[in-house]
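Input: one structure, supplied below.
Order of writing sets the labels: A, B and C. Residues in every chain begin at 1.
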Amino acid sequence: MSVALADGLAIEAADLLKSFKEGKGKPAVAGISLGIPLGQLTALVGPDGAGKTTLLRMVAGLMKPDAGTLVVLGINVKRDPQAVQDRISYMPQRFGLYEDLSVQENLDLYADLHGVPANVRRDRFERMLTMTDMARFTHRPAGKLSGGMKQKLGLACTLVRAPDLLLLDEPTVGVDPLSRRELWRIVQQLVDEERLSVIVSTGYMDEAERCEHVIVMNDGKMLAQGTPEALREPADRCCFVAHPPSGVLARTLQARLIDDRVNIVDAVPVGGAVRFIRAAQADDADIAALLGNERSEAVPACLEDGVMTLLHAQSAAAASSIFATPSTSVATTPEDGERPVLIEVRDLVRRFGDFVAVASTSFKVQRGEIFGLLGPNGAGKTTTFRMLCGLLPATSGFLEVAGYNLRTARAEARGRVGYVSQKFALYGNLSAVENLTFFGGAYGLQGAGLRQRIEQVLDEFDLATHQHSPSGELPGGFKQRLAMAAALLHQPDILFLDEPTSGIDPLARRAFWRRITALSEAGTTVVITTHFMEEAEYCDRIVIQDAGRLLAIGTPDEVRAQVPDAADMNTAFIGIVEQARSQKPTTEKAVA
Amino acid sequence: MRVLSHFSATLRRIAFLFRKEVLAILKDPANRVILIVPVIVQSLVFGYGATYDLNHVPYAVLNESNGEASRELIARLDGSGVFVHAASLRNESDIARVIDEGHALLVLHFASDFDSRLSSSGSAPLQLILDGRNSTTVNMAAGHLSALIAQFNAIRANATRNVVLSQVGIETRAWFNPNLESRWNIIPALIAALSMIQTLLLASLSVAREREQGTFDQLLVTPLRPMEILIGKALPSIFIGLVQASLILAVSLWWFRIPFNGSALLLYAGLALFATSCVGIGLSISALSLNMQQAMVYAFVSIMPLMLLSGLVTPITNMPWALQIVTYANPLRFAIDLVRRVYLEGAGWQDVATAFWPMAIVALVTLPIATWLFRNRLA
Amino acid sequence: MTHPDTRAIHAPSGGFWRRLRALTVKEFRQLLRDRSNLAIGVILPILLILLFGYGLSLDIRHANVAIVLEDGSPTARDVVAGLGGSDYIEPTYVLAMSDAEGLMRARQVDAIVRIPVDFSYRLAQGNATVQLVLHGTDAATAASLRAYVSAAIAGWGQRQADRAGRMGPAAGVQIIDRMWFNATNSSTWYLVPGLIVLIMTLVGGFLTSMVIAREWERGTMESLFVTPVRTLEILLAKIIPYFCVGLLGLLLCVAAALGLFALPLNGSLWVLLVSSMLYLIVALSLGLFISAAARNQFLASQIAVIATFLPALMLSGFLFDLHNVPIGIQRVASILPATYFVELAKMSFLAGDNFPLILRNWSILGVEAVVLITAAWLRTRKSLDH
């Protein structure tokens, strides 16, 4: 069959239309026409709510388009979805693993459902397990795997057979850089060896950059498509790197730049400097003023720059309000001189039975710092995090948060802390205002004070437009902002954020970090975990953990310097973890 | 002073949690329906359906004698308001058919010499065949029938033999339920029993659902203490339990018109204590369960014996002694007893004090267990 | 490429049995791994068997009755003598009506029989009365007591008449009753067959009501849908394991009924088994339909309790005789599959095979099964559109 289709199109769509809620509201997919050739790796990028998932679900025959034609592998999906489903593999955003079945049983199930014969299966499983580095865990229930491992198992289940077309919906959300690299190695290998046609939606632009073809979506429409090289073009000759003056943090300069939505398209801290894209119509004098007359040098554009430029042109007006809002969520103003220590951790240990999740870890966090916890999935980050928040008692060690010892004064410490969990954890059927009222009340706010704070955070986090709709139905970015707002209502000293940017598009991430830097400037201490290594550049200091051990601690520059020739944090991170693993291979067993 | 401000802060936090819980339950339209409609429908359906009253006992007659006495006896049966003539049979082989197929619960067989023997010797046997597949109903029917026949005999004795012998009249009076309708027995019991089902399910799901949806951590990082969470979780379920009880009470009062004789305050005090003990059981289940499904299954597995050992469908006094002891741990048993006594008998505080204690003990045991489980299952 | 041939192996239509097997194995594993399933599948049936067999009874034995003999004459004593002497009534003699009322208020007696002071005198006048006061709260017990006491006292009147007429002792119409199908006249005999209905309903309706909803809630449905799996395979794979659990419950019940409670099995075993399986399939299909329609475990389990379990307990004719309920309720009962299975189960144990009845009920259950499976199937389309 693959031979017959060798020169055909994997997907051919014309004027695709799909709305929810019986046509009320904006359509999720609003008139898309495209043709995707076979045997090619295609990326689908765009902000949240752009319609990527809906498009993939229609291709997979899980949703019927309201109008338009959609032909997949030469089959009309609308008419015969099962025929398509017999030939494709699809990995949904949240792959439904059976958590009570073991890794092997999950694989067996999908192999049986796809009818992979026993002789083929043996080799295939072996290859999948080696590629995903899971051969040691075949008997472990899927529910007991770490987030990254689950994603890899999901991919392995999707790939138990070689399909004619592979659809991946954000396969690397919440996956650490090492696992991400492995995941992509698997996909790349299949494309190279089996000439597999793959469509992947992703929020990581470096992943999209690996693809032959990139489709940029926004608001249910296709904004642009082409090779990564072609899509870089809008940003060509607009990208620069500027070094902040001494004594100024890179993120301070970055904040100043990104607040100017007219002249600057995008700015991110990179390696102690700031990389930015100036708008095409930007005024040279304005740019110079922003940079404080520091000089900047031109750098070649990458795909992310191109996409950001495209999106900037689309949403310049709408986005401007999100960025430059002064924070009202801080109780204290920053102090001069030596900043007090707000979190102190000494010889912290946590065991689960024989398993050491966190081994003798010590660090201090000062007031107003942004402190990053990095590490592969299952490194002990979440365990450390949960202990800091008082959700999990430590096995041994000393733990002081906001001046309270967590052994003796948990409730008091909790009153000074805000927490945003990895998964959206507010009450889905309550509205934004109802959620905020509840959490405000739980933190002891009441009456006029509470109402005023709610007004403030609704405004600050730009939530007012959706304040009365059920929060579970809000788009991803909204939920994330609402969770932040709920955690900041009581103006905590410390804000804990567990992978807040997982599954969020680049634009929303910029806005998110702008808020964090503003909070930190005003004196709030922020402790954050992330899988986006470039986000470590926003932090004052970071730690890298693996297998429960602390591998590195210091400013991003200091950590980067530990690995010779590390161009960016991603390379440095992989270098540090791999080096530690090669020195102590026994720790490989550690998975939380 | 500090103690007082601490206390008022605690109360405020609980109030916020209570409000959130009630909102979260009631905002879902499906929940609103499921909490209100089924109790009303069930109390109506069971009010009509769950009855031991005999008013349509179908009987068949095989009258091979067909004399005056046998016909009069049959006429008395038809006039009793209990029996309904379902079939007249021709021969003995028909008996099996009408009974087997359930057309008649009992068959009267008058042998061909019935009337002649009765008039000649004054005595004649009447064969009665009963369908034992529901022995309770037919036993009661047979009781009715024998009373009817005894009366018939006495009258005949007076009439035929001209013996001036007065018969003994029975002056029957039933306390609390003049017409002995079993509905009067079952509906007040349903006030407690039906509201228990959802009180217990809601409570057992309350924590399990937050745990499954990941919101429990968010709750735990707030300054709310385990005790406050427990109370904030318990009150909405108690509240909803009382609302449901009120709905059934309304059906009982205004639809079935069963007169209420007691003190409403006492009734609600009892029901509140009962709901508290159910919530204690539910929250303990919730703390023990890993997910919603387990919570539901465990809740259900506890509801079954609670219902069956409550005296709702079978009297407690018919149970073996050991099992009667076990029922002391069943709050529903005492709630049903309390509601029936307050509702029908107009019992006062002192009369039902004995029903309060067991429920209070269940609540006092299960609520601390639930608190302890919350704290110790966190790790 | 290690296996270029892997792509050519899919045989979309031919894999029905293979896929069904894979899914069934999966369901079995999930079923066995969750201890709460065991609780409903095994522990609850055993608990219910013991409760129903030994605990619950509707038979009135030793009902406490207070007897107030205000008239101490031998005639009066003679009237009440007939009340004792059976294990039905446990008489307590008290002196004053107020004592008796106290006992009744405290619920220590269920009825009061009062022979008034002027009983003998009025008997001679020809208008004597005996007062019977019943505690009406438990109406069923009270009604039984009324019938029993009336019969006993009327019997005395008849004996008096006989004596006066100098006739033999066996005068008037004598009832010779025969209880068919229930030799011991015990409610256990009809409660235990009804119990099978309850257990089949629990396993079929309640356990399965959550299984499809769970897949929706946990997101596994989406992954399943984009495989060659057909909807019918998903449904069948869910029915099979729970069918086996139901059979286990059935065998436990039948063994207990015959072994522990010495019920007769007057019909044939195969009829009982076929009826049970048929009902089990109806219950499973109903559970699946609820699950497919609700897509939410909480809602599904609530509906299952309300739509399957409570009606099976209260309206199937298992406890309450359907002849005596209003016509509307009879209509409702006639839709319930449990009603037909209760009839079949009682027939098999107590009455013996009656093929016209068997065929009628089987075909009703069969039709219901087909309708419900179709409904579940239609409701579980492979689509994320609602």
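Here is the rule we go by: a contact is a pair of C-beta atoms (placed from the backbone, for glycine too) under 8 Å apart; a residue touches a chain by one contact, two chains touch by 3 or more.
Everything quoted here is computed from the prediction, not taken from an experiment.
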Sorting chain pairs by contact number gives first B-C
At the largest C-alpha centroid distance from subunit B we find chain A
Averaging C-alpha coordinates per chain, one finds the centres of subunit B and subunit C separated by a number of Å equal to 14
Cα centre of subunit A to Cα centre of subunit C, whole Å, reads 56
Among subunit C residues, those touching two or more other chains are 34
In the complex, the residues of subunit B that touch subunit C are 30, 34, 38, 42, 45-46, 48-58, 69, 73, 99-102, 105, 118, 122-140, 142-147, 149-154, 156-158, 161, 163-178, 180-185, 197-198, 201, 205, 209, 289, 292-294, 296-298, 300-301, 304-305, 308-309, 313-315, 318-320, 323, 340-341, 344-345, 351
Contacts from subunit B onto subunit A in the complex sit at residues 9, 12-13, 15-17, 19-20, 23-24, 27-28, 213-215, 217-225, 378-379
As the complex stands, subunit A meets subunit B at residues 386, 389-393, 411-412, 414-415, 417, 419, 421, 423-430, 434, 437-444, 446, 470, 486
Within their complex, subunit C touches subunit B through residues 34-37, 39-40, 43-44, 47-48, 51-52, 54-61, 79, 104-105, 123-144, 146-151, 153-158, 160-162, 164-165, 167-168, 170-183, 185-187, 189-190, 206-207, 210, 214, 296-299, 301-303, 305-306, 310, 313-315, 317, 319-321, 323-326, 328-329, 332-333, 343, 346-347, 350-351, 354, 356-357
So, in the complex, the side of subunit C touching subunit A is made of residues 1-12, 15, 18-19, 21-23, 25-26, 29-30, 33-34, 215, 218-230, 382-385
